[in-house]
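Chains here go by letter, A, B and C, matching the order in which they are written, and residues are numbered from 1 within each.
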Amino acid sequence: MMPLLASVGLSKYYGARTGCIGVTFDLYPGEVLAIVGESGSGKTTLLRCLSGHLAATSGEVRYTMRDGRQAALGEMSEAERRLLMRTDWGFVHQDAREGLRMGVSGGANVGERLMAVGERHYGRIRAEALDWLDRVEIPADRIDDSPVAYSGGMRQRLQIARNLVTSPRLVFMDEPTGGLDVSVQARLLDLIRGLVRRLGLAAIVVTHDLAVARLLSTRMLVMQQGRVIEAGLTDQVLEDPQAPYTQLLVSSVLQV
Amino acid sequence: MYVAVKGGEQAIDAAHALLAERRRGDPQVPGITLAQIAEQLTLGVDRVMNEGSLYDRELAALAIKQARGDLIEAIFLIRATRTTLARFGYCEPLETSSMQVERRISAAFKDIPGGQILGSTFDYTHRLLDFTLAQDEVPVAARTAPTPATVEMPRVLELLGSEGLIERPSAADAEPQDLTQDPLNFPAARDLRLQNLARGDEGFLLALAYSTQRGYGRTHPFAGEIRIGSVEISFTPEELGFAIVIGEIDITECEMINQFKGSASVAPQFTRGYGLGFGQCERKTMSMALVDRSLRAAELGEERIAPAQDEEFVLSHSDNVQATGFVEHLKLPHYVDFQSELVMLRRMRDEMVGEKLKAAE
Amino acid sequence: MNAPAYNFAYLNEQTKRMIRRAILKAIAVPGYQVPFASREMPMPYGWGTGGVQVTASILTPGDTLKVIDQGADDTTNAVSIRKFFVKTAGVKTTEKTEAASIIQTRHRIPEAPLNEEQILVFQVPIPEPLRFLEPRETETRKMHALEEYGVMHVKLYEDIAQYGQIATTYAYPAKVADRYVFDPSPIPKFDNPKLDHCPALQLFGAGREKRIYAIPPYTKVKSLDFEDYPFEVQTWDKPCTICGSRDSFLDEIVIDDQGGRMFVCSDTDYCTKQQACP
């Protein structure tokens, strides 16, 4: 089976400064990969290169399109890339405001992607939006409120609904629970885990929080100073870390 | 029986006749002459030339008279005149180092080769109304230092440049574009940005410059040099094939020294901002230089968070002729669109009342 | 000092050629906004300089010009623009729609149907239909190039969610030749159907924003809507008080301070004709 996404020797330099170096991995449909590291490890740079937001300095990212064709991200036209980001991919930002239109209602936020691909029936769009709000546990009577009036957790759930409405096959997540209260985080993680499983999504989740990685992902990359220093099944890496840095990370997680 | 109102044409003619009367004012009062405006309201004339983008003191004075002292209206008149003039080419770049300097100061150094020359300035005057000016004044002849035949007046920024302390001005390989011939597209290159700022509204640029000093995109400016004086215009006619001097104009040039910048491989240097204008326009050129520097934020890798750093915002709204046209166009009839809004609003309100009544039943 | 001599219709020939090139590009790509180097004109930006530059560039001595604003020939700005062309081009002018070869208009399309020999020139304040959803020109350019118009329907969706209907009543966006979404200028939506398959050439000039666009004759123009909330025009429950027309756009005239109102055709030439032969 062909991987859904393949990263081959991906590197990004900012002048003399290193973003990430030589990252290579395959991601298969339905797999969730966590990229873990502290601030400055290069994980955000890597995510942005993988999702086409940043041009890599060297290496390649290959994505298998719905028609089976493998395309190199760097060779796509801007039109193709933008279309991909709106249909087959999702991107959940740490700050929901970056991933939402704060000036329009929750319903419009969810419906936008549908309208962007040609859905022209108001009733159907609204029904679909209501369905998705239900799935992400946002009360139906909030559909016409602007996300400005939503709580942080609710905004994040709205962002997820907005991304999933076109049934993407791959979702990128940048610290999806960052900045939220612990109880809100737990609920959100449960939701994400459920949705990912039920929809068979592949996902790449960047996080500094090992608990998030443990809960969501099947495989994990550990980054330090731009390099991947350990990779493997999440459970294995967390139970039996090999690299000294990983051991340090694992041992410093507070045991509650 | 309602009869549709006609007579718009006569109303306009009558309005213009009244305008002419008001412009002249009390016939007992002597009419103002162009020479008086040019000689005694010089700084107003300079502003009209700058923002009108046309160097002609007499025309600017005429525009101010016709506009009854409304400088933006005068600027509009000059711009409209400018369009009709034949363009026969571009002059050679002005050699401001060879300026016949009347005023030249630097805040960056206590003294500089050529000296600090105050020239004529409002600086250090006490802003107290001088009631003697109510009568015609006969000022005492000013004392000026004797000007030696040749004075070496190297540019302050050149002095820093020779030590490598300030970035070199970018040597543009491409021909500069002409803002008045080509539409402005974003992102805009520096040549078009500077042209846009040169004719931009002084008040707008002043406010933006002020905002940068108050923290909206600080650039740590020092006034490296401000020069005011006359420069020669050289032009190369096709028939001759060599440059000839066709006249001279008075200009103000301001060079700001700004926040230094370096990287891991390049040693830090000061950066620059530039302002240039016709006549004596320090406020304008200083503001222009500050905004020029702010607009270079992207090029210098600075985070763009302030209005003065937002290229589209600054350059789209700097032209006061465009701005006043659009703001004042609200006076034009808009009743058809307003009618459409009225119809819809009434309908929405009726529907709401209808719904409330239904709910109450 | 000498007063300068003006060329026919004010603009010099070089400028007219530049504008005509932009017009040709616009006709070749219906609904696409062509940038052009708008000139400073003797009337303010926002008062019709775009329309005036387009008209000046296509005007010939044999043309007959009609200028209207809000549908009427006698409104102050229409008078002013008509006088401008009489002064600088000496062309024949008319108030009769059928007698005109070029009609410059602000905010209305004439009620009388146009023919293939005529050109309609619209004055446009803001050419960009996406402008109020996305203020940056760099972004809207991309959106047009990539046909990313989802955000326009978001606005319509919001209207229905909030008000139960689409709340745009003028400058109503439409899709041209199934490709570009455009702003037809602040004509009431009542006039949008006239844009579709019009036999006349329709040109749009925005002087301050420096854009020209065009709808060639017999081009498809479809106003944006939803299948279940289709586009509809305004209606009045009374006819024109003067001529009795039930098919035209009516202006509301305030008669007294007791709420007295009457409704009269906005298109003055149409109203006059209706009175003559109802």
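Throughout what follows, contacts are C-beta pairs under 8 Å (C-beta built on N, C-alpha and C of every residue); 3 or more make two chains touch, one makes a residue touch a chain.
This structure is a prediction, so every number in the text was calculated from the model and none was measured.
Steps from subunit A to subunit B, minimised over paths through touching chains, total 1. Between the chain pairs B-C and A-C, more C-beta pairs are in contact across B-C.
Among the other chains, the CA centroid farthest from that of subunit B is the one of A.
As a whole-number value, the distance joining the C-alpha centres of subunit A and subunit C reads 46 Å. Subunit B and subunit C have Cα centroids separated by 33 Å. By the touch criterion stated above, subunit B contacts subunit C in their complex at residues 2, 4-9, 11-12, 58-59, 62, 76, 79-86, 180-187, 312, 316, 321-322, 324-329, 332-337, 339-344, 348, 351. Considering their complex, residues 1, 4, 6, 10, 12, 35-42, 44-47, 49, 69-71, 74-80, 83, 106-108, 125, 135-138, 163-165, 167, 169-171, 186-190, 208, 210, 234, 236, 241-242, 249-253, 255, 262, 264, 266, 268, 271 of subunit C touch subunit B.
Subunit C meets subunit A in the complex at residues 142, 145-146, 148-151, 153-155, 157-158, 160-162, 225-229.
Contacts from subunit B toward subunit A in the complex involve residues 263-265. Across the interface of their complex, subunit B is touched by residues 15-17 of subunit A.
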